[in-house]
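Consider the two complexes below, in which chain A is the common component and chain B and chain C are the respective partners.
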Partner chain A sequence: MEITLREDANVTTLSLKGRLDLATGSALKEQIIQLFEKEKTAIHLNLGEVEFINSSGLGSLVSIMKEIRLRKGRLTLSNLASYVQEIFEITQLSHIFEIFATEEEAINSYQAVTAG
Partner chain B sequence: MPKYEFTYLSAVASEDKMLDELATVLHINGIPEDLQNWFMLAISEAFTNALVHGNKLNPHKAIKLALNINEGLLTADITDEGQGGLAKIKRRQPPTLLSEGGRGVDLMRHYASVVRFTETEGGALKVSLRFDQIKENEVERYT
Partner chain C sequence: MSNVIDRIGQLLAQLQSPDFYEREEAVKELGTYSEDEAVAGLVLALEDFDLGIRELAADRLGQMKGEIVSQLLIRFLSHGDIGTRNLAAEILVRIGRPAVPPLIEAIDNDDHDVRKFVVDVLGLIKDDAAVEPLCGRLFDENPNVVCSAAEALGEIGSSKVITALVAAYDRTEDVRLQAVEALGKIGDPSALDTLFGYLKSDDPLILYAVIEAIGSIGLKDSVSSLRKYLYHKDPTIAEAALTAIINISIKHGGKIDCDLPLDRFTGFLFGGIKNRDKNITEFTLNRLTHWYGQGIVKSLLDVLDFVDEDTLKRVSEILGEAGPSAAELILEKLAGASSGTKLVLLDIIKQFIDDDIAQKLEAFADDPDPEVRQKVAYTLGMAGYAGAVATLKKLAVDEVGHVRAAAFGALGWLCSEEEADFLFMGLQDKYPDVREAAMGALVIVSGPKVVAKFTADLYHQQVERQRLAVTALGLIGETEVVDPLIKAINHPEASVRKSAINALARIGEVINVQPLTLALNDENSGVRKAAISALIAIRGEQAVAEIRFLLDDEDVWVRYHTISSIGALGLEKFSDYLMPYLEDEQDILKIAATKALAQMGCRRALPELKKLRREKNKDIVEAVEIAVSNLERGRR
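Moving on to the complex of A and B:
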């Protein structure tokens, strides 16, 4: 899996490409932990190019979300392919993640929270 | 009636290798993309279970994947070299929303027409998956 990182004023965006499974889920979590060390806890994941996700990948996302919540941060997701969206709905994880249709909407939501 | 058999070492990197080979097999047999996705997902769940819970990432233990691809029907058998896997499956508790694991069996059962867990003579776990390409009613489930 390829991870592209972009840091904006309010949020750090990671764009994921490839499969999100046992191995890559761990790699993603390690990268997020490195962001925590820089006190970055507002994190957006663009899943638009995730071509495959399984329960190990979902577990990694849940773990990341819990770590971010512990740090009083915020995690958002966007651009889920219909295949990935369906898995979030089947597992009911769509109820606990903040999911946006587009990256732009997600990033704007951080600005709205900051402004508010 | 194409049949395929693969054997993998119990290493985390084997999952990607398995998915690459599986994607190639499904592509050359002209399996529709949606069905490819669900079949790969269910197999990956059984594979991860075999890797982590069955073989406990022991590099001396293997995972076998057997595929049958027929018109209207896909089947897969995933067999580990662990012990007591069937009992663990029967004892499993459903995950909570914030659980980091435990969703694999539910995903297999959701997408496959039939999921069957059996124990080999040596005590290892075999997960048998069947996907009907034509009809999805009359879903059978075994535990």
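Moving on to the complex of A and C:
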């Protein structure tokens, strides 16, 4: 899986491409822990090019979410393919993740919170 | 003409009838004539003993809008009955501008009550033509007329009258309040210096009105003059000063940058929010971003039951940002709140819940409202608080289905495979959404035990359990599920075979494709189509040799799917397989082949495609036009 990182003023965006499974989920988690070390806890994941996600991949996302919550940070997701969206609905993960249709909407939500 | 007059005469006589309906008919018909006699009749009906007739006559007169009508109505302003006087005034206001000239003529009437009515009506009509005559009434011998004139001038809002109002203020004590209010309503900054002078007044009513007027004029520079009144001994005056500053601030987009002793006004500000005062709400909530404290949190919680949806959203955001420091008070409020407020509070808690808060929240798992119990389940799950597993297990056997579904979802987020046996019990639930929630939870916690149980479930005696098992294995998507799914390709149930193949296609880690190849001969067309997609997904162009024979399948939709799947590879080398379908007897296959050849970039097909432009079926022609256009432009 390829991970592209972009840092804006309010949020760090990671765009994921490929398969999100045990190996890539762990790599993603490690990368996010490195961000925590830089005190970056506002994180957005663009899943637009995630073509496959399995239970380990979901587990990684849940684990990342818990870590971010412990640090009083914020995690958002966007651009879920219909198949990924369906998995989030079935597992009800859509209730705990903040999911946006587009990356732009997600990033704007950070600006809105900061401005408020 | 004489017929009309005769008819009006009959209607006027009918107005004297003891029968309500006859009089009502007469009024209605009189309202259709513009003759003076008809107007006079309607005016007479204003004195009818029945309120319904009087109001009907008033309504018809209001629609006539003539000077004659107005003149006749003005006579009623001195009527002995107050109800009739008010009705006449009301119709005059409704007539509006055409009533102004006769009203101005009547403004010098000997009767001061009539003069007052005339002045009031002119103020409500708000026509500039009345300004001068009204200024004259500022010096009327009757103080009531003077006060009404000042009010009327304020309503009209013309800057031309400022001098006259100031003169009236200086001359007549009785008119001071109305004059100041009028200056505020006019809103002209040239009145400010005078108003600042009036701030010296000893009369608290005048002082209140002056502060309010300065706020209405809304000049930013006025804030410094108002600020000292925030400390006034009379709280009403202090609140008026704050309201004036708030109004000025709102007028300038909240850009008033000065320290305000807002903690003195907590009750007033939150009272304003409760009363849905837009300006106070806007101002207070904006200031709250840097104005926290337990008192404020408590006040915010107190307004939750009173505010509109937008304000509720903003208050929730602010409380969410206040974070765990607000938790104690929120939990306290939660205990006695209505169900609606509880849901709002749980949404707030969700934003910052930690183990400690989650532990306290468990008490609300017994709430009588199932919606609250459902939200408690989600919130506990979100917290990731492992200690909540017992509570969630209790909610997973709740009497209400959607509470059970939420509890299973939450258990999936926070428990481990050790709870798999309990989660599997959810697959037996009578409601499908609960069964699906339990399956979803098992997907998240999955490990060898879960995979083994779902593998066994593939051959469960209930077809529903087989369906859930194959879906779950597909969603789990780990290497361990590939073998069970491959075996399921030979499952007796077609829907299971199809789901297994679809799942394998997604997982893509299939080394031995022979079972998939065999599935191309499945008796069920849906399974055959799934096998085509799976082989293409796993083997790419190598799959074409295996699936090609299905171009001649007995089922037209399998043939369609084969054409589309080969086309989606976008490789022109397979175009020969598809060209014959441009002449197929089935229109749907012509369309599929047209689209597929365009995807392959097969320009060689252009002559055949262009022939299809003559087809009667417009769907074919439409597909052909797009294909030809794309091929000619070199687009796929």
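Following the convention adopted for this analysis, the second predicted complex is superposed on the first by the 116 of 116 C-alpha atoms of A that agree within 3 Å, B and C clash if a C-alpha of one lies under 4 Å from a C-alpha of the other, contacts with A are read in each partner's own complex, and residues count from 1 in each chain.
As a convention for this text, contacts are C-beta pairs under 8 Å (C-beta built on N, C-alpha and C of every residue); 3 or more make two chains touch, one makes a residue touch a chain.
Every value quoted in this text rests on a predicted model; they were computed, and no experiment measured them.
Aligning the two structures on chain A places chain B and chain C in a clash.
After overlaying the two complexes on the shared chain, residue contacts for A:I87 are found with chain B and with chain C alike.
When both complexes are overlaid on chain A, the residue A:F52 reaches chain B and chain C alike.
In the overlay built on the shared chain, the residue A:I96 is in contact with chain B and with chain C. Of the two partner chains placed around the shared chain by superposition, chain C is the only one that A:K72 touches, whereas chain B remains out of contact.
By the document's definition of touching, of the two partners only chain B reaches A:A23; chain C does not. By the document's definition of touching, neither partner reaches A:N10: not chain B, not chain C.
Chain A residues 21-22, 52, 54-56, 58-59, 62, 66, 83, 87, 90-93, 95-96 lie at the interface with chain B in one structure and with chain C in the other.
On the chain B side of its complex with chain A, the touching residues are 12-13, 15-16, 19, 34, 37, 40-41, 44-45, 48, 51-52, 97-104, 106-107, 110. The part of chain A that touches chain C in the complex is made up of residues 21-22, 52-56, 58-59, 62, 65-66, 69, 72, 83, 87, 90-93, 95-96, 113, 116. Partner chain B is touched in their complex by these residues of chain A: 19, 21-23, 26, 52, 54-56, 58-60, 62-63, 66, 83, 87, 90-93, 95-96. The part of chain C that touches chain A in the complex is made up of residues 289, 317, 321, 323, 352, 354, 378, 381-384, 405-406, 409-410, 412-413, 436-437, 439-441, 443-444, 446, 471, 475-478, 506-508.
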